[in-house]
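Going in written order, the chains are labelled A, B, C and D, and every chain counts its residues from 1.
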Amino acid sequence: MSSSFGNNIKLTIFGQSHSKGIGMTLEGIPAGKKIDFDRLYSFMERRAPGRNAYSTPRKEADKPEFLSGVVGDTTCGTPITAVIYNTNTRSQDYDILKDIPRPGHADYTGFVRYGESRDYTGGGHFSGRLTAPMCIAGGIALQLLAEKGIFVSTRIASIGGVRDEGNLTEYCLRGYKSGSAEGLRDNGNADTEMFRNPGAEGDFPTISDEQGRKMQAVIAEKKAEGDSVGGVIECAIFGVPAGVGDPMFDGIENRLAQIIFGIPAVKGLEFGNGFEAAEITGSQNNDPFYLENGQVKTGTNNCGGILGGISDGMPITFRVAFKPTPSIAKEQDSVNLTTMEETKLVVPGRHDPCIVPRAVPVVEAAAALAIYDFLV
Amino acid sequence: MSSSFGNNIKLTIFGQSHSKGIGMTLEGIPAGKKIDFDRLYSFMERRAPGRNAYSTPRKEADKPEFLSGVVGDTTCGTPITAVIYNTNTRSQDYDILKDIPRPGHADYTGFVRYGESRDYTGGGHFSGRLTAPMCIAGGIALQLLAEKGIFVSTRIASIGGVRDEGNLTEYCLRGYKSGSAEGLRDNGNADTEMFRNPGAEGDFPTISDEQGRKMQAVIAEKKAEGDSVGGVIECAIFGVPAGVGDPMFDGIENRLAQIIFGIPAVKGLEFGNGFEAAEITGSQNNDPFYLENGQVKTGTNNCGGILGGISDGMPITFRVAFKPTPSIAKEQDSVNLTTMEETKLVVPGRHDPCIVPRAVPVVEAAAALAIYDFLV
Amino acid sequence: MSSSFGNNIKLTIFGQSHSKGIGMTLEGIPAGKKIDFDRLYSFMERRAPGRNAYSTPRKEADKPEFLSGVVGDTTCGTPITAVIYNTNTRSQDYDILKDIPRPGHADYTGFVRYGESRDYTGGGHFSGRLTAPMCIAGGIALQLLAEKGIFVSTRIASIGGVRDEGNLTEYCLRGYKSGSAEGLRDNGNADTEMFRNPGAEGDFPTISDEQGRKMQAVIAEKKAEGDSVGGVIECAIFGVPAGVGDPMFDGIENRLAQIIFGIPAVKGLEFGNGFEAAEITGSQNNDPFYLENGQVKTGTNNCGGILGGISDGMPITFRVAFKPTPSIAKEQDSVNLTTMEETKLVVPGRHDPCIVPRAVPVVEAAAALAIYDFLV
Amino acid sequence: MSSSFGNNIKLTIFGQSHSKGIGMTLEGIPAGKKIDFDRLYSFMERRAPGRNAYSTPRKEADKPEFLSGVVGDTTCGTPITAVIYNTNTRSQDYDILKDIPRPGHADYTGFVRYGESRDYTGGGHFSGRLTAPMCIAGGIALQLLAEKGIFVSTRIASIGGVRDEGNLTEYCLRGYKSGSAEGLRDNGNADTEMFRNPGAEGDFPTISDEQGRKMQAVIAEKKAEGDSVGGVIECAIFGVPAGVGDPMFDGIENRLAQIIFGIPAVKGLEFGNGFEAAEITGSQNNDPFYLENGQVKTGTNNCGGILGGISDGMPITFRVAFKPTPSIAKEQDSVNLTTMEETKLVVPGRHDPCIVPRAVPVVEAAAALAIYDFLV
């Protein structure tokens, strides 16, 4: 079913951008799990808008109310439902969208799929706002994975072609190897110092501060032009033991792909060296095995920690391509679906010139849900 | 479940490389559909090994036997099961693999996941041979889609960094626009001349013959070196009407991704302009709407025909990255899992130096199954 | 997943008896369906407690709030979520249940399944209160079925061994045949007069008023004794065309059974003549075919309108056995799970001496959801 | 999907009565499980026709061939597929059924559902023959449950109104309590003497030999009359620990019901005292808890070992009503679907006058699959 995810857990996401509320039901979480709500809210805060220059100035009070499934701060084993009530929505901003679909948005396809009765305000069920409930579920999954020694780290790999430097896996393991974690940012899901996200400066998770500043400059520039820009997020999942996953249609790649492509604006996904693997030879690409303290390891990790859909014990790595925010200030060509005439459209409202920074915790949430689904 | 795919249809694939048989059960196909078995077998023939210089010289008699679900050449509405009996398997070739996993294969992860009792011979259930049953199901889906005016075209976009030229969508529509289909190859699923695959010369589906020859030269070169090479397959699905798909976790991208990552050796997947979208601006990336004969169209197709998980009526386009065949003739480092000592391994048997050409129909099969699942 | 139902629709029920709220998410309902909320609330009212002598005097304000999936009174195609907020719950009544499980309830099995962290108050997720969200979903399904000319009629067939008279199918068709509907009660889901529930007197849906009064006398008697009593509900679904359903595991019986056994206190289910079929011969039991106005009909309906899991066009009929309310005022033997000593228990709170009357709309809701799932 | 069952395992059944083969795919069985094939075949033998006076004289060679999922006698973790090839089918017997549906069979509903292209020969996919693959899967599940100390015992509770005597649970535990197992029959799934099926005399599993003889006499009598007769099978599952199952839609009753109603001819299902519970009071029906050697037990087992969908540690008990074989020698009324005229039909072929004896292992198979699905 379209708005549900999971085999062993079952996440259902409901709501439209401007409906009374949005939220999620998460089934399959065992009883007796303590949820650290402060940690969860601070994780969700990373997705919230209006926190800095490169995100939209809209304010949302996205604190979820838990209707069921927890008693106090502990899960009771039955479905967990949490709601974020929508307030202060300016639906009238969207009146024009009733007739004129925004290029790059799902307005037109939603119209064809659901007809006149679709909820077009604010993008309806297609809105990026629906990633907030995914972060509720994913934030819980991150905590449950941390219990098992599994951590998710994420960086912005590029924005508008400006690339970060360094190697995410190496970077995140740096604290582990050196015993120091300087320059690593707590991503709200780790109990230890060693697995942290990049991002010494502010909220911008890159390994290289300089490249991070350049990326922010690109965003600022595009914003000034009334335009937007896309980027790539890279993710590494540490601590997944070898042997997790299934062959064929329910491997780690398949499950991650199903949820990652559920994040709006995602257009590409690659595991390990991904598209680069298509350009090199087998002798370059294969990850030879060796032994380290009696453990089977690979020296390289071109396969991204996955062989045959199943984890090999190395970090699981993938990269996600986000397209530029389709809502831009520039005038665009569109069509009036009522009069069936070509027209010009200036998209109303204020929008993120780049959704990549806010998408970072969403990717972490998705990654955590897919992996936890195998391990619950 | 791991070896099952589909919401409205249900494909289950069974078998190991060297088990008595491999096959598939396909549920949900309506009664009364005529299957053109000759067309199906000739489609499957495109996946068969041993047909040319760049594929393995092993011979397989991959003609499926249909056990149920068809009466004569017509579906009867209940599950269709077809089996390909395995004959002439040389399991002894694989004795060494009991202890020593091949780098880049699922031997090690299969061992950890299933233990001593796994079927390691020939890669077991992880073998590329299991794509044959996917082609049975996909070949049927292609015929059922053709009935609805939907066609799948595929080309090899690159091999080892050598890129094809031209634009697949433009190329495939060329016959449609000009009324001529010169240089287009029938891909076994089209009733008309206009939607054909690239590939004037032999079986090598590229738009540019010259680039195709260069790719084949790269394969021959790597083969001579005892090495292998990867590549990218590009696919376009024509004729899907606007409004097909669902938001969030069951959109076209999600469903295609689940099955595409079920093809062995796939490491990346991108829709439309994919990773390129991450490098450009919204004003460049958005596909503005216009009217053509009263139909809503977009001039560009950066979104790959999908917005919010739902088709917009333009061709659905995606690219799939295949890693190089992990089985190479060169000696590699590995580990003996019984003695737990590091060792050298020379992979036995003969193998495709590049699986990309044989993967072309598999991608078409997967594409057809995912799309047909929405439209059955 | 445990709290989800449906193949084409997907119903998820969440909440515990005393959690902040209980509710449901219903996916798969098409866009553009008008919901008559007054009709829905009056349908739900039939399940509400405290309406008469034989139901518990507790008052619930069970009016659901719709958070998503509807715009105004019309569905928009994406998941519908509705919540009933729990207020005025007297959790302290249930303190004793932390240690001492009530016989006949799920207190003990819930403890073993979920451990100390289970929500035992008010029965938690096992509470009969969770049938309220099922009635939200089912009430919507009843309206959508009525659009298709499909109606669900239900009567109390017996209480504590006192049996109703007459034949439900004949009775419900009486108005249709005579053009009069005297003595038939509107069950809140029919647009016409002809398909109504039994129950001329008050809310007690029997064909025979006299037998209905006798049943109510039995309930009153058991209540006075501090005891409770069970009963049987019979249901007939009119208007399902022939050919609905699937063989084997997803036939009409299978789907109805899955949801019917999801209603607390159900211990038996039979279709058509059910257990009686086991006592007679084939020549007595087979329903011979004949023609009526060019339509294939059967003169009898021993099969309950279902052959091979698929409807034959006759009314679909089934009977559901409900056990007596396990909560009784009499002292019972139990065990203290903390001290592990045998003990006596007097169940706190006030409870229905017979849940059958309130279960009538719940059976209708379940029936509607199962049938609509095939026809959406 | 219609022909698939299971949440954690996935059983898919394929084939028609007269197709090239029938069979099953069973996913989710762990690797490394030894299957005792002799035991499995002898279990399947109990379902085979032609073994005695009250079953059809047709001969089937129902020995399955395993195509995949086992290496030698051991599972390898990936899907298990087994096929029974159909031979010696007399399709011409069924030519008349192309036009004239047999009362009580799915011929008419299959025609409406699937149209002209349905496979009507021998009942197609609706045939009782499809219970053979269910027995392959169920026979494996029985062996895997026995490993966990779980055993399934079954008796014929009644035939045509003639009832067996005694209490199944008491009877099966008799050997356990007395240390003797006289008069208990090995049902092919137990490693110990203590959990056996009733049935001292021949294959007719009743507790009372005398009642068993009376039942056989009824069958013989109805056969002589060219008629058939139904019956009830009772089943008890021993050894399921407390805490297995889930609330609401995936409880033990729901899962058992889904698969039990997948057996052809089943018209009713009740758990514990079932419909009897509807006639008594709460104080009679509740099963009070007591302690036995520090274990929580109930003295009675009216609930059939299930509270709130979850096992309470007592034997799980249920009864299944089978209608009389619809194929009888007597002339019946039917309709010619081609000419649309009323007609008389004499059903061709030879058929069981009572399918209940052969259904006993099928009920065991279904029970084992449903329970194993929770415990895999």
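The definition used in the following text is that a contact is a pair of C-beta atoms (placed from the backbone, for glycine too) under 8 Å apart; a residue touches a chain by one contact, two chains touch by 3 or more.
Here the structure is a predicted model, which means the values were calculated and not measured.
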item	value
Same-interface partner of A-B, chosen from the options A-C, C-D or B-D, over half of the pairs matching	C-D
Centroid spacing, where centroids are CA-atom means, of subunit A and subunit C in whole angstrom	41
Subunit A and subunit D: spacing of chain centres that average the CA atoms, whole Å	48
CA centroid of subunit C to CA centroid of subunit D, Å	28
Per-residue overlap in subunit D, given as positions that touch at least 2 other chains	1-4, 13, 78, 113, 125, 247
Touch-based graph of the chains, sorted into line, ring, star, complete or other	ring
Subunit B-facing residues of subunit D, complex	1-4, 6, 10, 12-16, 19-23, 25, 27-28, 31-32, 65-69, 71, 74-81, 83, 113-119, 124-125
Complex contact set, residues of subunit C against subunit D	1-5, 7, 13, 101, 103-106, 108-110, 112-113, 125-126, 130, 158, 160-161, 222, 225, 227-232, 242-251, 253-254, 257-262, 264, 266-275, 277-291, 294, 296, 298, 302-304, 306-313, 321-328, 330, 332-335, 337, 340-342
